[in-house]
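What follows is a short report on a single structure.
Letters A, B, C and D mark the chains as written, and numbering starts fresh at 1 in each.
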Amino acid sequence: MTALVEVNDLSKAFGGVHAVEGVSFAVDAGQVYSVIGPNGAGKTTLFNLITGLYTPTGGDVKLNGESIAKLEPSQLAERGMCRTFQQMQICMNMSAIENVMLGRHLTLKSNLLTTLFRLPALTRGEKAAHAKSAELMEFVGCGEYINAEASAMPYGALKRLEIARALAAEPKIILLDEPAAGLNAVETTALEDLIRKIAEQGITVMLVEHDMKLVMNISDRLLVLNYGRVLAEGSPEQIRANPDVIAAYLGG
Amino acid sequence: MAAARADPIMFSEFLQYLFTGITIGAIYALIALGFTLIYNASHVINFAQGEFLMIGGMATVSLTAMGVPMLLAIVLAVALAGLMGIALQRLAIAPAKDANVVTLIIITIGASIFIRGLAQLVWGKKYHVMPNFSGDEPIEVFGAVLNSQSLWVLGVGAVLVAVLVYFFTRTMTGKAILATSMNKDAARLVGIRTQMVLMLAFMVSALLGSIAGIVVAPITFTSYDIGIILGLKGFVAAAIGGLGSGVGAVVGGLALGVVEAMAAGYLSSDYKDAVAFSMILLVLFFMPRGLFGAKVVERV
Amino acid sequence: MNGTLARYTKKFLAITAAGLLAMSAQAADPIRIGSFLSVTGPASFLGDPELKTLEMYVEKINEEGGVLGRQLELIHYDDAGNASKARNFASRLIRSDRVDIIVGGSTTGATMAAVPLIEQAQIPFISLAGATVITTPVKKWVFKTPQSDRMAAERILTDMESRGLTKIGLISGTGGFGSSGREQTLAVAKEMGNIEVVADETYGGSDTDMTAQLTNIRGADGVQTILNFGFGQGPAIVTRNYAQLSIDLPFYQSHGVASDGFLELAGDSAEGLRLPASPLLVPASLPDSDPQKPIVEAYKSEYEARWNAKVSTFGAYAYDGLMLAVEAIEKAGTTDKAAVRDALENIQGHVGVTGTYNMSADDHNGLTADSFRILEVQNGSWKLVN
Amino acid sequence: MIVKLSEFRLKGLVFLAIVVFALPLFISNPFHYSLATQIALIAGAVVGLNLLVGFAGQISLGHAGFFGLGAYFSAIMTSHYGWSAIPALIVGAFGVGIIAWVVGRPILRLKGHYLSMATLAVGFIIAIILNNEREMTGGPDGMPVPAFDVFGWELSPFGQYSLFGMDISGDLAWYLFAGVVLLVAVWLAQNLIDSPIGRALRSVHGSEVAASVVGVNTTKYKSLVFVISAVYASVMGALYAHFQGFITPAVAGFEFSILLITMVVLGGMGSTIGVIIGAVVLELLPQVLADFQEFEMVLFGLILMLTMIFMPKGLLPTVANFLAKRRSKSAGGDA
């Protein structure tokens, strides 16, 4: 069986500085796969490379065996890859549920004629998208904001809203960039449950996270980056026992 | 070699277009530098930039007409423009600091209409002449002629650029402006009063604009509405060079001036402005941030 | 909705009818003269003296007892040289202010934008703009006071011909005046046959340097003289660039710059250039027998005394426009629009500042090319050549 | 709990319809109709521009170029080639759409001020061409435009018509026509906004990255909205030309472009009714200020500046916000 995501010798340099260098790993379908490492280790850069925001300077990324290194983010979404961001990307000019409905974009057939004259086909699609989005908001735990404007929502709820939007696209794999950052203990526990529920639906989850407790609890496998290179890779137990990792975290 | 006989004439024509282009280009460059200064400090495109030019020229002309000696008139006019720059930042830009980019553009457009309206009330609608700084006798070079005032424009332009370079690399204030432009919050953390810096940027930009307005007035004449088109051309030059780049502003200005003159000379005077505008589209097509614009990596 | 409309229409008609009755009842109501002028904007050098002229002469006429025993009321708007604004203000003058006659339209664009409206509303209109198209073909309600650019072109080219200059380097502004003048010059040259335009360059209204265009003209094959058609500050820059390049070909400008303001801007560079103009610039050189002399002198001295500014040819267009309107109203004996229009069309031998007007059913301008005098700049001032 | 999907969707449109049809009860002068007609047509173009600027967040400083192209295409085809106005308008809109698409693809990659610059350049080039091609366009002095005709029936501001058995003046007829055109323009714009396409457009403004990672092809949508707003401008430009009866290249000029975007920003970006208010204010202001004569320019600049400083979000959103706050305050007091 081939891995869902396969990263091969991936590198990215910004004007001579290597943010990511020679990174290789594979993620199997259905896994919760976490990327950890100290600040500046290249975790977000790695995510940006995988999701098409950056073009790699070397190496390759494969999704389901297809090379995706040169594709646009929107093309990756078509292939079932979705993500959230460390610095949240919520459309503050839209209502909460519209943000989630945006996630339905690829599943909605939009045609200029039906749109302009608001023909029944469009209203039907919109009603369904609305219902599905409301359901997803309940699922991620921000059901109380269904009729709210995004700009009126608190930080924690926005983080969950962003996950709901990614889920709305019905992805095969979802990449979460520091979903627990800025959350309190209660919210973090809720997030942990949410990630489990997502994984239970068969969606592969990739995670960049600083909260070690969360990461160790839910990950199937971990990748440790340091200075843009792979320091270690393995199960949570293996990582916990890895002397290089301990040195990097404690000594660094 | 049949064309050899025509060569000297062709060369002197070319030289003539070049002189014309460089002179007008130097003016554009000075205006573009004003845009760049304010853009760097505040990310605002100041559509009232041309009005500083107008204030410089008109105030000098009206003061000399009142009998004030030329040099003193120039100093007063520049000071007036500087005050105007400060007032613009304090009264119009600072109170709207949370507004988005387009809103700020409209505010500066409102300000420019307001300033122009005031100038029209005070100075009237007529065009005015300012004498050349050093005689009307043109200088002849290889069959092409150069207005002596062009040399003033180029010379003053070069001095201003040198002063700006010194200001930004050698003085605390200049460095503070640069630091603020790179990262406002960090600048504030290290104790830079960013509002003060913004005010300074507007003032320096106004000084620059008014000096440009004074040195070009003998060539272009001056009137209450001279700032519109020159301001616009300055913006064009700044965009060609890359917003925020001092080198870009100078190169962009000169390039725009030379292209205009060459287009008028060799292509069609009807379409010379269209040629200049096509040039921008072409530049931006290949270099979306202008010739020397900073490459910004979007952080997500 | 429908009922409302009907009611509204009835109401509207009732008000209009009442208004008409009221108007005819009070004969002492002022005569309303409407005007839209380019008082600001790029053509303000036209609109500004025109407005000043209208204001001072309406005042003066009122002091002297008005017209038909009624006072004049001037209602004026600034179109800033913008054609849509001009149309709007024309509409406002006709429909809201209900003026009796319109004297205005500083530029051809502003005039032409208002013409369809004026023709429909059937109100006499005296334009102050120059282009031939305004009165050719004749439009029933539209008249104009300035000579057309075609006459200017004829006058200039004839003068050139008489000096043996047949190869012209033409440079013109891309604004309405320059562009229409260019077209007329090309057309007249073609008709005259022996005149050839060997270079044809243009410049934008706010260009600051025309050296490149002049260099091109200088290099044109066999060029003998240069003609600049344009107005605003552009021609002054052309003149200065011409002098800087030390071009020694005879230089002509159009009537668009026939003002002392131009001489101030162009300075010494203007020395020796010729242009067609009204005698307003040289009243002293007119022979005493010239019927225009007293009128020109009076206008000049009155204007300059009142505004403490140099008189300009463009203000004179407004003077002639106002005086033609007054004469027509007096002749018609009423402000009835059709009667005033007919009177306007029949004006003969009206001596104005610009020239002597002889209107007719197929000439709503009433001037000939002879009304232009050729002036030359000598020692920094205008001299009458012929 | 769930769904208020389309309940109040067309609130703005209904409000606008009431204003449009009630206005004849309050104005009593053909000049006012003429002004109102002109405002309605310009407002239609502004509604289109708002799709681009307010919803998709892409600045255009050259939109008058498309307005002018539509106006001149219709003027030229009807006066030089004997076309009827409707086909001229449609073919013109189609052509302008294609031009916008061709131009839009490359320049919409640009961001922020660079996009402003590029659109400004496009607008300028169009205006320069209209100014220079005298044979076709009449040059800077402009050209007359025949009356608007539908299947041989002419709509002229100077005519007399009968509608449902009632006599109405040409001015009123044009006003009603322009009002209906504006309502249709608003309706189509609202439909577009409240749709997957509209969401995609707004997301390009809200967060282009977010849009792209859920599969929105941002380049495609930016081009689409650019084309749509250009077509709006073209159609309104054509109608404007026929209404005015005479056009000059100023309809494609830089100043008019700035005026259009100022209407959007002043009224309230992203609010369809707001930008119409912006158009109304900025068209009426010069009429009001005309009485101040030489102070007109100072006052106009001052009013524009102050409004934008104190209402940076635009007139309508600021007022709506203020009312909402007061309402919630008084509601809080009741509770």
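What we mean here is this: a contact is a pair of C-beta atoms (placed from the backbone, for glycine too) under 8 Å apart; a residue touches a chain by one contact, two chains touch by 3 or more.
The shown structure was predicted, so the numbers you read here are calculated from the model rather than taken from an experiment.
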Any chain in contact with subunit C as well as subunit D: B
Chain of greatest Cα-centre distance to subunit C: A
B-C or A-D, whichever has more C-beta pairs in contact: A-D
Subunit B and subunit C, separation of their C-alpha mean positions in angstrom: 36
Distance from the mean Cα position of subunit D to that of subunit A, given in whole angstrom: 40
Computed distance of Cα centres, subunit B from subunit A, in Å: 47
Intercentroid distance (Cα basis), subunit C paired with subunit A, Å: 72
Residues within subunit A bordering two or more other chains: 53, 85, 89
Residue list for subunit C, restricted to those that touch at least two other chains: 40, 174
Junction residues of subunit D - those touching two or more other chains: 132, 209, 294, 296-297
Subunit D-touching residues of subunit B, taken from the complex the two chains share: 39, 45, 92, 95-96, 98-103, 105-107, 109-118, 120-121, 232, 235-236, 239, 243, 270-271, 273-274, 277-278, 280-281, 284-285, 288-290, 293, 298, 300
Residues of subunit D defined as touching subunit B within the complex: 53, 59, 106-107, 109-114, 116-118, 120-122, 124-125, 128-129, 132, 209, 254, 258, 261-262, 265-266, 269, 294-306, 308-310, 312-313
Touching residues (chain side subunit D, partner subunit A) in the complex: 1-6, 188, 191-192, 194-200, 202-203, 205-207, 209-218, 224, 270
Contacting residues of subunit A [partner subunit D, same complex]: 51, 53, 72-74, 76-78, 82-83, 85, 89-94, 98, 101-106, 108, 110, 112, 115-118, 122-123, 125-127, 129-131, 134, 146-147, 162, 165-166, 168-169
List of subunit B residues in touch with subunit C within their complex: 9, 13, 16-17, 19-21, 23-24, 27, 120, 125-127, 129, 136, 138, 145, 147, 216, 219-221, 223, 225-226, 228-230, 261-262, 264-265, 269-270, 272-273
